[in-house]
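Take a look at the structures below.
Two complexes, one shared chain (chain A), two partners (chain B, chain C).
Coming up: the complex of A and B.
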C-alpha cells in the first residue's frame, strides 16, 4: 500500500473524473445528504464527524428495480447492464464492509458484478463517532479496512493521506503528481483508530445482545412483543447496506402478444408474504418469527464462516428509520435486558 | 446489453401522496423517472420514516399503465383524441345541460388526492365558470361529520393539536382508528410514546395492533360510540372528575349535558355496547389521572349514520375533561387522504368557499363574486351522493370527476354505477384506468403528484410543498391547467394562471387561514400550520388556547341510536369495513407494487373462528357475503382480532368490492353514508 500526500480534493476529483462518472455524498437544499453525481466543482461531504446518507451506496450495484431479461414472443433477450466506469467517492468504512459482504452474496450475479467491476471505491476514514453508529463493536470501522477500497482518504491538518489500497486504485492515480505522505502518517493511522474507537458510546447492549441471540436464549415472547411493533414498512431492509433479498416478477410487454419482461426488485423479509408458499403455508407467518430471523441474519455466528463477518456493519440506519422502535439499539437493549 | 442509466441524478423533496399524515419524502430521480424514494431525514412530521405505502411510491409512479392522451368513448371503446376534440365534446355537453337544466345540471367531484391548487381550481371552475355550487369530494365519506360536528362544538373542524403533541401527552386515546395501519408513521409515534411511558386507551370493536399494546382496550359493538362516550361522562360527573373550572370558564350548556348522561349508567352501557362496567370505569379513571390526554379518532367515529353525533359525543368528553387548548391534549381527527384537509380548506364542498366561508352568507358571496368577477350562486349545492341521486332523477346531466373512484370506494356500488351511467356525459380526469374511468365518456390524462408543483395540507393543518420531479407522461397535465383551459372555452377568463404558485397566491389572499403563507415561507419551514396570518406569521400549532373559534365550547347532549341496519335472522352478522396498511383507497397506486400486491390477497373477509366454524368456513374458504343490496364473493381469513358476530372487509379491491353490500343510509347532517356497519349473511361457496 503506497501512501501519498494529497493537497486538495478537487485535483483528485478532476483526475478521477477524466475516465469515469463520479458519485459522492452531497448536501441538498434541506441540508440532507444523498449519493449524487459529482465533478471537480462538487463539494462532497467528507467531514470528520460523518453524517451517513440515509440511502447507502447499495443501489449502485444491487439495483432497486431492474430487468433481468425479456421475452419477445419467440426469444429470450439478455438485458445485462453495460456500465460505464464509475467511482464512488468518500464511502465510509461501514458501507464498504457492507459492499464487501454483498460482493460475497452476489458473487455469481452478473448484473451486480457488471456494476461492481466497473466501480472504483474511494474510502474515507471517520475521525469521530457518528450519531447512532457502533462500527468498532462489529469490526466495521471507523477506519477503512484493508481490501475493501481501492483508494483510502484520511484528513490531516496539512492535507489528505491518500492510500493506494489496490492495484486498481494505484492505476487510477497514475499521472497525478503526488508526493509521498509523511513517513509516520501510516504508522499513526493504526494507533489513531484505537483512540477514535474508544470515543464511541458504550455498546455493551450490542455485545450482550449478540451473545443472547447466538445462545438461543431470547424468549419467544420477547420476539413476539417486538413483532407486534413491526409494521412491515420495509424501511430497515431498504436502508440496511447489507440486506440483499429480492423478489422477481413478470409483466407483459407490448412487443408481442405473449411478450414479457422479468424484473427484480428489493424485497423485505419483514413482509408477511415474503416466505409464504403457494399452498398458503408460511414459516414466517408470525411477525415475531420474522423479526427474529432478520436479527439472526445480522448477528448469527452461523454466517461468519461464509461471509467473514456479521451482516450488521454498525451504521445505525435501522434505528433511525424504524417507525416501530425496533431498530438495532432498541432491539439489542430489549434482548440484553431480558435476563 | 443495454446502457446502464439507473442511478439517482437528483433527489427532489416532496410530500408522500398517501394518507393525511404528510410525511416528507425524497423522490430519487433518474432522467425522467422516479426510481426510488427515501424519507426526508429532518422532516418534522415523519422524522425520517415512511410506511410500506410510502416506500413503494416509485411503483405507483411507474409510467406503465398511465393514461397519456385524452380518450373518447365510441361504441363502447376508448380511442385516443386530441385535447381540442375532447374539450369540444365536453363543452358541447356542458352547454346543452346548462340550457336544459341550468348550471345545477352539472356537478364536479374534486379530489382529496390532488393539490390545494387543483382543488381551488375545481371549486372555482364549478362556481365561477359553470355557475353551480355542485362541488364535493370524498371528504364526504371520511370526515364530513368531523367538520360538521366540531364546527358546532368548537367552531373549527380540524385537528386541534399537532402531531408533535403525541409525545407530550400522558394519556393517548385512540377511538375508532387504526393508526399503525392507516396512518402508520403517526401510529409509530404513538407506539413510541407508549413505550416511553404514556398510557394508552383504545376504543375499537377490533383488536388492533395498538389495542394489543393498550393499558385499557374498550371493545364496543359497532355503532355504540355515543352510548360509550355518554357512559364515560356519566362516571366522570358522578365521581366529580370533570374539569370544573374549565367548564365554568370556557363551555356552555353544561347542565343539559349532565342531565342527558344521567340516563347512561354503566349497567345500561354494558347492555348497549357490550363493554363491561369495570372496563368503562378503568377508562374513566385513566382520564381522571391524566394531566394531558390527547384523543385521536378516525372512521370508526365518522362513517355512521349518526357520524355527526358521534363526533359531538367525543367532543363533549374532551371538553368535560378540559383536555383541549393545551400541548399534549385535544380532539384530533386523523384525516384519511394526503390532502383531504386541504380539499376541505379549499372549499371543494357544496356549502363553503375556501376557508369555510359559507356560500349562503351574503358577505362571503359578495366577496367571492367580486374577486372572481362573476355573480356566484347563493345557495348550497349538492353533495356527492346528492349528485348521484340527481343523476338518477335526470336533474343532473353531466359530471366531472377528478381522480376519485367512487365505483370502488362509495357505498352501494350498483347504485353508483346506475347513477353514473344515467348521465349524458361523464368526464374523468385520471392517471390510470380505474373502474370509474371505465364508465366515462371522456377521460383526460392528469399529472401525478411527482409531476407537478403545488401544496398538500396534512391532518395537523400543515400546508406543505409538493414539487415536480419529473415531467408528466405523454400529454398529461395538471388538473388546474385542464380546468383553466375548459373555463376559457366556456368564456370565463379568471383561471388562466401561469403556474401553481400564482394560484396559491390568489387563494391565500381570499382564504384568511392561509393569508400569511407563500411558497418561499412554506419552503423554508417544512410547511406552515394554519391559521397563518398577520397575527400568527409562523402558523399555529395549537388551536383554542384562550377561547374556542366559536367563543365558548358548546356541549351538546346526544343520544345513542342504533345503526340503520342491525343483524337479524336473514342477515345475522354485522359487517364493518377496514383498511390495510399495504393498500390505499381503491388501490390504483398501491396495487402497482408487486410486493404490496403479494402481501394481501385481492379481496378478503375477516371472520372470527367461532362464527366461521358453524358455517363450515375454514382458512381460505371461498365465501359469499350478501346483504339487502348485493353480494360479493371472496376468501375468508380467520381472525380472532374481530369480535364474534362481526365480520370485516377492506374496501381496496375491485375484485371483491365491499360496496356491493355496504349500506348507503346517511347521516342526516352531512349525508355521510354508514360504511362501518350493515347486516350481512356469509356462506361458504
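Coming up: the complex of A and C.
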C-alpha cells in the first residue's frame, strides 16, 4: 500500500470530483450529520473524535426503495440501476465493515452490485472513541481495515496520511501531485490503533451479553419484557448498517392493461407481520421473539463461519435511535446481568 | 446474477377444481423458453401480475416440455387473484428453489410412512411418485383433512389407492369413514397395513401437527435423522436475500423447505425466534 502526504482536503475533493459525484457526511441545520453531495467547497465532517452520520451509507448500495422489473403485458423486463461513478468520502471503519459484510451478503444481487461497483470508498481512521461506539469489541475499528476502502485518510498535525489501499484507489489519485508520507507514519499507524482502542469505555457488558446470548440460556421472559418495549418502529433496522431485509410490492403502470412494476423496499424483522403467511400462520407473532431474532442475527456465532464476523459493527446507532431503550448497550446490559 | 429476481413468463395450461377452495393448476413455459428440471421437495415462486409473488411447491415436477403443476388453495389476495385467471393467461415463474429436499436416495428400499395434513399432501406428491417408482420401497400414507369436501388431489389419490396402503382421516365425523380425528390417532392402523414400524417418516401439514408427529415417532424409537418435515414460510425472494423465512440461522428458501427433525430441533434450540 502506497502512502502519501496530503496537505489539504479540498485538493483531494477537487481531484476525485472530476470524474465522479462525491458524497460526504455534512452537518445540516438540526446539527445531525447526513450523507450529502460534496465538492471542494464542502466541509465534510472529518473530526478526529467522530460523530457518525445518523444513517449509515448502506442506502447508496441497498436502496431504500427501488424498482426490480416492469411487466409490459408480455415480458418481465429487468430495470437495473444506471449509476454514475460516485465516491463516499470519509467513511468510518465501522460502516466500512458493514459494507464489506453486505458486499458478501448481496454478492449475487445485481442491483446492489451495480451501485457498489460504481463507488469509490474513502475511509477515515477514527482517532478518538465516539459516543456510544464500541468498534474495537467487535473487531470493526477504530482504524480502517485492509481491503475495506480504496483510499484511507488519517489526520496528522502536518497534514493527512493518504493510503492508496486498492488498485482502484491508486488509479483514482493518478495525476494528483502527492509527496510520499513520512516513512514512519504507516508503522506508527499500526501501533497507534491499539492505543486508541484502549481508550474506549468498558464494554464487558457487550462481551458478556454476546457470550450469554450464544449460550442459548437467555430466559424467554427477558425477551418478552424487551418485546413490550419494542414499538416496531424499525428505527434500529433502518439505521443498522448491516440490516438487509426487504419486502416486495407492486403497482400498476400504464404501459399495458395489466402492466405493473415490482419494487422492493427496506423491511424490518421487528414488524408483527414480517413472517405472517396468508393463512394467518405467523412464526414471528410474539414481540419478544422478534426482538430476540434481531439480536440473534447480530451476534450469533452461527453466522461467523459464513461472514467471518458478527453482523454488529459497534456503531451504536440502535441505542441512539431506539425510543424504547432497547438498543445494543441496554439489551446487552440486561442480558449480561442474567449471566 | 442478472435476472436473479426476474420471473419468466408462463401460461396456465390447464386448471380444475380439486377440493374446497382449491385448484389444480398446470403451467407451461411460453414461446421458446424452458423450465429447469427440479427435485422432489423443491418449490417455485409464482407471480400473479399486479398482485405479487408467492412460493408454491410442485405437485408434479417440470417434465421435458417444462410443464409442471401445483395445488393451490385460495387463502389470500394473491391466490384470490389467481383464481380469477383462466386457461391461457400469463403468469410469472421463478425457480426451482430450495436445497433442502426429500432425501430420495436415502429413502429407497426402506419402509416409509408419509403423513399429510390438509393441502400439505401436495408437497408430498412428487416424493410419493418417486418412491412408487422404486419397487424396493414400502410406502404407506395417512392423510388427514377437515372433512371429505376439504380433501385434495382426488385424481392422484385414486391412482395411489391401487399402489399403496392409505388411511384417510377426518377431523369431523363423516359418513362412511371409520377414521375420525387427526392422522396421529391412526398410526397403529396404518403401520399394521404397512407391516411394521417405519424406517422413515415424511410429513407436511400444519406445523403443530408435524411437530406432534415427530415427537410421537421419536418416542416410538425412530431417529430424528429419519423424520423429515416440509415447512411453509413467507418468502419474498426465494434466494436467501429478503430475510423473511428465517429459522434460526437458516433461511427456509435456501436450506429448506425440507428439514430433518434433528436439524430443525438444532435450529430451534439456538433461539426461540423460529
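Here, the second predicted complex is superposed on the first by the 338 of 339 C-alpha atoms of A that agree within 3 Å, B and C clash if a C-alpha of one lies under 4 Å from a C-alpha of the other, contacts with A are read in each partner's own complex, and residues count from 1 in each chain.
Assume a contact is a pair of C-beta atoms (placed from the backbone, for glycine too) under 8 Å apart; a residue touches a chain by one contact, two chains touch by 3 or more.
It should be emphasised that the depicted structure is a prediction, and the values quoted were computed from it without experimental measurement.
Asker: So, on chain A, is it clash or fit between chain B and chain C?
Answerer: Overlaying the two structures gives chain B and chain C room side by side.
Asker: Looking at A:267, would you say it contacts chain B, chain C, both, or neither? Reply first, second, both or neither.
Answerer: After superposing on A, A:267 lies in contact with both chain B and chain C.
Asker: With chain A at the apex, figure out the C-alpha centre angle toward chain B and chain C and round it to a multiple of 10 degrees.
Answerer: So the angle at the centre of chain A is 80 degrees.
Asker: If we overlay the two complexes on their shared chain A, which of chain B and chain C does A:188 touch? Say first, second, both or neither.
Answerer: Touch status of A:188: no partner.
Asker: Let me test your reading of the model: by the given contact rule, A:246 touches which partner, first (chain B), second (chain C), both or neither?
Answerer: Only chain C is touched by A:246; chain B is not.
Asker: Does the superposition put A:80 against chain B (first), chain C (second), both, or neither?
Answerer: In the superposition, A:80 touches chain B and chain C alike.
Asker: Output check: A:11 vs chain B and chain C. Expected answer is one of first, second, both, neither. What do you get?
Answerer: neither
Asker: With both complexes overlaid on chain A, what's the closest CA-to-CA approach of chain B to chain C, in Å?
Answerer: So the smallest C-alpha to C-alpha spacing between these two chains is 11 Å.
Asker: Do chain B and chain C touch any of the same residues on chain A, and if so, which?
Answerer: Overlap of chain B and chain C footprints on chain A: residues 78, 80, 247, 249, 267, 276.
Asker: For chain A, which residues are in contact with chain B within the complex?
Answerer: Residue list for chain A touching chain B: 23, 28-32, 34-37, 54-55, 59-60, 63-66, 78-84, 114-115, 228-229, 231-235, 238-239, 247, 249, 251, 265, 267-268, 271-273, 276, 280, 320-325.
Asker: Okay, in this complex, where on chain B does chain A touch?
Answerer: Interface residues on chain B, with respect to chain A: 1-4, 6-11, 13, 26, 28, 35-36, 38-42, 48-52, 54-56, 58, 64, 180, 184-185, 187-189, 191-192, 195, 209, 212-213, 581-582, 594-595, 598-600, 619-620.
Asker: Which bits of chain C are touching chain A when the two form their complex?
Answerer: 1-9, 47, 49-54, 75-79, 90, 92, 206-207, 232-234, 236-237, 239, 241-249, 269-274
Asker: Going by the contact rule set out above, which residues of chain A touch chain C in the complex?
Answerer: Chain A reaches chain C through residues 68-69, 71, 74-76, 78, 80, 105-106, 108-110, 113, 216, 220, 223, 244-250, 252, 258, 260, 262, 264, 267, 269, 274-279, 281, 283-284, 289-290, 292-293, 296-297, 300, 302-303.
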